[in-house]
Amino acid sequence: MQVRVQQERFDLGAESEAFAAGAAAAAGAGGIVTFTGVVRDAEGGGLAAMEIEHYPAMTQKALEQIASEAMQRWSLADALVIHRYGRLVPGEKIMMVAAAARHRKDAFEAAEFLMDYLKSRAPFWKKEILHSGAAGWVQAKTSDEDALERW
Amino acid sequence: MQVRVQQERFDLGAESEAFAAGAAAAAGAGGIVTFTGVVRDAEGGGLAAMEIEHYPAMTQKALEQIASEAMQRWSLADALVIHRYGRLVPGEKIMMVAAAARHRKDAFEAAEFLMDYLKSRAPFWKKEILHSGAAGWVQAKTSDEDALERW
Amino acid sequence: MDIVYFAWVRERIGLPRETVETEAVTVADLVTELVAREERYAAAFADLSALRVALDQELSEFDAPLAGVREVAFFPPMTGG
Amino acid sequence: MDIVYFAWVRERIGLPRETVETEAVTVADLVTELVAREERYAAAFADLSALRVALDQELSEFDAPLAGVREVAFFPPMTGG
């Protein structure tokens, strides 16, 4: 299990390969699911950048709790969480999660669980900066909070 | 949308990066889900190799139909299916799917849909060859057939 | 008409492909003809619920008509992914 | 006791961190003290349903006791992922 909070970009290809190789070496991992989040344009367009603030003293711990819970609930061979902070431009990767398990259903569910919890329980806040100069904090969605009820 | 049926290995890292880059360039793809299947040991252990047979005249067409249906049902930014055939050893990657969408729920559902259909509707058959010399065809699981009822 | 076999169906019948002359109206009629030929066909088609059929590379059913069909494929339930 | 603010809570209050002397028993008591201080605090804490609180880096509730707590964090609902 690995959790990384970082400002730097990450290499999705290298991370995916390394995770799959490690999980395949671990006995019985037959399926690997990854989710990657990318900065997309603002609702009305014109996004210049997304600034991601976080709570340094809490973030690593919160993500490790979420990943540990996923490891236990689905008997995963391995799990990975990488989440960036700082200023990102549209098209940049924000974060990724990966889950490896013996059966595909477990890997899918664990990855969705990780995402649902990251969305609403990891201490990150996103601010959208438009080309016009206007800026606004991304509001939490009721649907994201509701997604937690599934687990 | 891209569908590839091949004997050669594929590079999960390079495929993931290229797919994410293409999907991010496409307007609005905020989430990318990948699933990768790896040859795991036989139930009782001792797997020497897995031989994957397919129906060349049908495979590409069947996979394209499945991928097209996913593109339509979830308004995906992009979808990718790679499936190998031939003789594979434990730890080798068998196949991958990827789905990119504006919202994570669509990307997850589309990837699960692709997997469920690949399992039971794509013309591949797997034979396990044990170190002992014994060999047997992998039996289709009732749970895989049942998984289709969700869609 | 071309008939192709895959996986253990191919192994039981002992060949991957053959061409037959047939007046069979449906897939089931064709199966009856094949089963009447030789024991290895009877063995392969003993339990139709364990078999799948594709007509011209499209999944189909055993009661489907064969009119216009050029290639019939018989195989066990698929195990892709 | 250290208090930290994030996102628009930090912006409204105008600082990311401060140290306060307080006898507040619960988080809600602390909020009442802060709100009484200055208008910018009243603005930040106007709607508690739009706020979340963490005690020593663990998510908590507004009725939680502050005994032994060293760092209180106030912020809007999180938007990770």
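A few remarks follow.
Note that the chains are named A, B, C and D in the order they appear, and that numbering of residues resets to 1 at the start of each chain.
As a convention for this text, a residue touches a chain if its C-beta (ideal position, glycine included) is under 8 Å from a C-beta of that chain, and two chains touch if they have at least 3 such contacts.
Since this is a predicted model, take the numbers as computed values, not measurements.
In terms of the distance between Cα centroids, subunit A is separated most widely from C.
Centre to centre, using the average C-alpha position, subunit A and subunit D are separated by 26 Å. Taking each chain's centre as the average of its CA atoms, subunit C and subunit D sit 72 Å apart.
Centroids built from CA atoms put subunit B at 23 Å from subunit A.
Residue positions of subunit A touching 2 or more other chains: 37, 104, 115. With touch defined as above, residues shared between interfaces to two or more other chains in subunit C number as follows: 81. Interface note: chains touch in the pairs A-B, A-D, B-C.
On the subunit D side of its complex with subunit A, the touching residues are 4, 6-8, 54, 57-59, 71, 73, 75-81.
Remark: subunit A residues 37, 53, 55, 57-58, 61-62, 83, 94-95, 115, 118-127, 137-140, 145 touch subunit D in the complex. Of all the residues in subunit A, the ones that touch subunit B in their complex are 11-17, 20, 23-25, 27-41, 91, 93, 102, 104, 107-108, 111-112, 115.
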